[in-house]
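So that you can tell them apart, the chains are marked A, B, C and D in the order they are listed, and the count of residues begins at 1 in each.
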Amino acid sequence: MAISFEQIEQNLKTEARKLLESGKVSLVLAYGRGYDENHPMPYVAKHPSDVDNIVFNEYCTANLARYLTRYPRRTKIAIAAKAADSRAVVQLIQEDKVCREDLVVLGIPVYGMKNFKTGEAIDSKTTGGLSNPVLYDILLGEEVHGQPVSSPYDVLAAYEAMDKEERWAFWQRELGRCIRCYACRKACPMCYCDPCFIDQNKPKWGEKSPESPGNLMYHLTRFHHLAGRCIDCGECSRACPVDIPLYLFHKKVAKDCEEMFGQAAGMSIGDKPVLVNFRVDDSDKILE
Amino acid sequence: MSFEPKILGIACNWCTYTGADLAGTTRLQYPQNIRVVRVMCSSRINPSFIFRAFQLGADGVLVGGCHPGDCHYNTGNLYARRRLAVTKKILEFAGMEPGRFRVEWISASEGNRFAEVVREFTEQIRDLGPQTQFKISQ
Amino acid sequence: MSQTVTPYLEMSQAIMEAGGEALKKCYQCGTCSGTCPWTPITHFNIRKLVRYGQLGLDGIEDFMWGCSTCRFCVERCPRGVEIIDIVTAIRNVYSGGGMLPQSLRAFVGSLSARGNPWSGDPARRNDWAREKYPVYAPGMDYLFWTCCTVCYDPRNTRLAKAAAEILNLAGVRWGMPSPDVNCCGESLRKVGDAELFERLKAKNLDYFKAQGISKIITVSPHCLATFSKDYGEDFEVVHLSELMAQWMQEGKLVPKKDFGGLTVTYHDPCYLGRHSKVYDAPRDILKALPGVTFVEMERNSEESMCCGGGGGGLWTEKAKGERLSDLRIEEAMGTGATVLATACPYCITMFEDSTRTLNVDGQIQIRDVTELLLESLEISIDEPVGDACAV
Amino acid sequence: MSRIGVFVCHCGLNIAKTVRVSELAEFAATLPDVVVAKDYKFMCSTPGQEMIAHDIKAHRLDRVIVTACSPLMHEQTFRKVLAASGLNQYLLTIVNIREQVSWVTHDIDEGTAKAKALLNGAVRRARLLAPLTSRVIDVNSDVLVVGGGIAGIQAALELANTGKKVYLVEKNSTIGGHMAQFDKTFPTLDCSACILTPKMDSVLQHKNITLLTSCEVSEVKGFVGNFDITIRQKARYVDHTRCNACLACTEKCPGKAVSEWDEGLVKRKAIYIPFPQAVPQKPVIDRDACTFFKKGKCRLCEKVCEQKAIDFEQQDTFTTVKVGAVIVATGYDLMDTRALIQYGYGKYPGVYNALEVERLFNSAGPTGGKVTLRDGKEPQAIAILHCIGSRDKNNYEHCSRVCCMYSLKFAHLFKEKTSADVYQFYIDMRAAGKGYEEFYNRIIEEDVKFIRGKGARVAQSADEPDRLVVEAEDTITGKFIRLPVDMVVLSPAIIPRGDAKDIARLFNLSTDRYGFFMERHPKLAPLSTMSEGVFIAGVCQSPKDIPDTVAQANGAAAEALTIVVKDKMELEATTAMVNPASCCACQNCVRVCPYGAPFFNEAKGVSEINEALCKGCGLCASVCPPSAIIARHFTNDQVLAEMEGLLEF
């Protein structure tokens, strides 16, 4: 079954118009045209007349859940959400950042989305292995079935197989290139802290200039802050101007969390984030 | 000169710190490489404390808390168990030897165990050699 | 009979290693032995078996073959001991040392040589079908797993045929296994031969994989239980009674024949009831048959009595007065029923045997729920009912 | 810039033997902000303390570091020195160079080096310390006791006798609890009513006790010393201020309902007192059974009441009381054994549970104390089945602790009141208690038959349809027993009250897997809970007998008294606070706190912390991603600075 992006775009427009006209929501988070076809941008439709500007194509990778926390609580919002994006919505609901009843989730079942920089399909890397949204009110296309199922963690194999020196060298090289522009946290739907810990002076958790120790402190701590919360949308890595594959580290932590705590991020609104939760019978083996 | 590791201990006030005192009261001998920071509960430990400790040149970090179920604050160490487990995984995926970071539950009555763990951990770190990856050279 | 014994903990260790880990949990309260249907009528004592196992005491041989794995004790045990695992482990340890009763040697021998417990020719496994029914081919909805007993035991081939007819009437695409398969191995595992069980299982699994089988129907609750618990989770297993009840509810099967006031009671097979927790489906079927008066025995559902056929009991000789099936027949007749319905070929064999030795075969009939349903659909399998018992 | 004084203690030779103390003091003097560094033989001695006090003044010190034994030993001592010298006590730092240095090494070089590192860390941390002030609050002097069974009664009386005012809340219309249902108590066999009713009456008469029957706690606000408790007074439809307890109404009432008091064995009226010695001895109307409420007609009680006390218009009312401490003593229920179909409770009339049998023995009970079956006949054979639902993984794993002993009591009373044969089916006899083993022996000698094997099944007898049979294995002989009896008594698991979960939620108590309230520490704080100022007593904590319950009640009263005896109390100073400018509203703190101290302020969109509830563990600070939470005295920068100092050398 091939995905019809035109159909999704059409459905998205129809639903957005209905929702705005009925006043059910005050804004629709969707995609609009960027400087060319291949560079769509997040777009907020606030009036029925805005709806014509909405687009949807295989380059609409941005995770719009990022914008949910930018509006005052209780704002009625409709959001276009692909599989991983919908998990971000679920995770934000778990964290009480948004209320389920304030949202209309326009679910987009899709695969074959492409990295706008490389044109490469992102399915096996940063979709959490999912094609269908885990939460939606309206589905903008048919559920995807029969796509080859790959574990979201398959891409990790090569890195897990490295010995520790190689891995250290790899991350030194990658994180060493960081220019501390913070695009990763800007793009991340879960990074809603303001200020971020790294921006603080008391205590100063790490150097703010782009050199290795500060970079390491920033990224490792951020990996911890996102542990059990990262939903593998890959936005951090696509946003990175120097193409650091941050998604690999996030994925590894997500995999460990899933193995240790038996819960993946953003799958069910009834879950409690794993690092602010515990089970009395958690095993001490996880510390070994 | 032989390598003398620097080991940072972070101990909860109610169990491990008291257990460490008991080791002293009963005059148990253990290597002096460990320097203990006292916090009220193992759950106070921010993951960044651990990252920072290694940047400051610790060759090993040992965290001690109450046994699960015995936490003075009821559930603090149960959260700590999860949070520190993730910290450990992050260190390992970054490329650090797993043996440099360790979490142990040591109760106020286990002076013996405190001494034993410190002896064992110090030996282990000695074998691993100096930690150079995270350490910020002065 | 007082004598000095020394605990032999190596033996106890061996039992635990063979899967009887639960030995450690038992606190000898006697709930199992007080619950066990055998305690009142034989010298078998399940608590003592566990006790002897805990201490590795000599004399355990006297107790090890009495259990029919009915699971009644396991359900009641306040310590959550998986007692059947202990029994299996003890048998495994001791039968490894050659202590297998005479009657079970033929059973194990046949399984080893021919892959079925009835000394049947493996090539003739599907003879009962007389080429009337299809062999499974990839793409079909269900594999109808024909138990060795319904393939080879003449009485039970009627059950196989009834089941086949019902499957046809329900309009599903189904096939029976090719003769490449062998016994599911359930009873053999309970008798303690873990090694041979693994061999049988591997051969069946190879067949399932090769054919891409994902859904299996059984008529024997023993196959059902072992497929769902011991064979892994790659396929879905269901007992035919559950499907029949569902199809009746959906209107796919509509009983027609009026039985004219026939009084029927139902015996829960241990492996369908306590082992697999299917209690309602067979009852729903019986209650929906026109002209059938359904009555319960006092011991029913979770508390059902065992027929004695499980755990190798079907192949073990028991003296008169030590047969649970006899007691069950008496209980069934006490309800005024003239048909004792059940849903397991082992139970059928045990009960038919008892009705003959008790000389009541004229007063009460043993029928599978499947057979009764087929009769009410006014389909007869082309064989007179009367002489089927002759072997 | 701070001015730090460092004081190195020799502790005789305890420290000085393996740490070069004068070298340490010289080293201290080189550290930043240290203006004075001294060593002295015994720093905790009076001259030692005076030296510190003197130097604080002389050198205008604003931080003091004492390098000596463990802070767990003398932190308080030296804090007082600071306070007396006008310095905030939280500006003290102790460096533990005895327990964690000098006593654990023989090597003076190693010892000295480690001491230096520790001291270096302490200096860095000390520079960042902030003065903290404990908030002092007024303490409400009254106490709330929840539950009017023997535990609650005892605790209320103990407290009231010290002059404290007590509110005793009971959800039923009388106090007394389960103990009032019993006839005799083991092992002494003294009459339950004889020892309990005087206490019940004292509660009613006591000027310091406000008895609130037919009441429930509906809301709890505040914290230790300052609880605001809202109590719901359920409508009784009888004005107790008018009622003179003539009980004429109960005679005339046509409405009927099963008597909870008599465990459903008989009926009672719709307007009723549960039993003759009930306290208060004033009736209430059971709305569900009342003819007027059901059919709109009747009002017979109203007609006969000369006091005009009947009030069909009465509504539930709410009052709020202020108390300083709370004792929860909500007691227990018996497990509903109908689920255990093998024992036939609810199916066979001859099967009873333990509380029903208590009522059969009671002279005020449904049979006037005669042991008769539901059909009025006297039983000829009786089986008592132990551990029904207790010690059972499928139901309740705990031992219910009192069943062995009350079963012995039952056996004795059966023997006394009937000519029946009595059998006990048991797994283990547990008779650990003063006089208990002796009681067990006495019952054996009364010719009660003990069968060591758990009762497996109760069924109708095939031969005699009005009798029962008990099936079990006598594990001693290995024989299967099928025993014909007329009466079976089940000893069901003792479990928390059905509404214990609501109580736990109201008072923020932790519960175990079955709902028993958790004590703060199983050995050293058995009556305290994780909620400061809330104590527990009796079976709501775990099954126990009357002596233990009373002992706990007295203990809980004493614990409560330690709080309300003071006019004022100091709150923990080392609490956490939220810096609202950094809070990202993730509410992690709210999710994790074991004490419910953080809460989300919707209006401001940030978390805040109720410092009165905070115990200072610091968990919230470590789960706060933007470090907006400051764990006072263990702030991020203080800990990091200490680490930096420790790892520098």
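The rule is simple: contacts are C-beta pairs under 8 Å (C-beta built on N, C-alpha and C of every residue); 3 or more make two chains touch, one makes a residue touch a chain.
Here the structure is a predicted model, which means the values were calculated and not measured.
Colleague: If you tally contacting C-beta pairs, which pair wins, A-B or C-D?
Modeller: Result of the comparison of A-B and C-D: A-B.
Colleague: In terms of Cα-based centroids, which chain occupies the most central position?
Modeller: Of all chains shown, the one whose C-alpha centroid lies nearest the global centroid is D.
Colleague: Could you tell me which chain lies farthest from chain C when each chain's centre is the average position of its Cα atoms?
Modeller: Relative to chain C, the chain with the farthest C-alpha centre is B.
Colleague: Round to the nearest whole Å and give the separation of the Cα centres of chain C and chain D.
Modeller: Centre separation, chain C to chain D: 52 Å.
Colleague: So what's the Cα centroid distance for chain B and chain D, whole Å?
Modeller: Chain centroid spacing, chain B to chain D, equals 35 Å.
Colleague: Residues touching two or more other chains, restricted to chain A: which are they?
Modeller: Residue numbers touching two or more other chains: 197, 205, 275-277.
Colleague: Indicate the residues of chain D shared as contacts by at least two other chains.
Modeller: 592, 623, 627, 636, 640
Colleague: For chain C, which residues are shared contacts with two or more other chains?
Modeller: none
Colleague: With chains as vertices and touches as edges, which is it: line, ring, star, complete or other?
Modeller: Looks like something else, not a line, ring, star or complete graph.
Colleague: Which two-chain combinations touch?
Modeller: A-B, A-D, B-D, C-D
Colleague: Could you list, by residue number, the parts of chain D that touch chain B in their complex?
Modeller: 70-72, 96, 98-101, 103-107, 110-111, 113-114, 117-118, 121, 510, 530, 574, 592, 594, 615-619, 621-623, 627, 631, 634, 636, 639-640, 642-644, 646-648
Colleague: Contact residues on chain A for chain D in the complex?
Modeller: 73, 95-97, 192-197, 200, 202-203, 205, 225, 272-273, 275-277
Colleague: List the residues on chain D that touch chain C in their complex, please.
Modeller: 341-342, 387, 391-395, 427, 452-457, 459, 471-475, 478, 480, 482
Colleague: Taking the touch rule as given, give the residues of chain B at its contact with chain D in the complex, in rising order.
Modeller: Touch residues, chain B against chain D: 6, 8, 17-18, 20-25, 27-30, 32, 35-41, 43-47, 49, 52-53, 56-58, 72-76, 79, 83, 115.
Colleague: Using the touch definition up top, name the residues of chain B that touch chain A in the complex.
Modeller: 47-48, 51-52, 55, 68-69, 75, 78-79, 81-97, 102-103, 105, 133-134, 136
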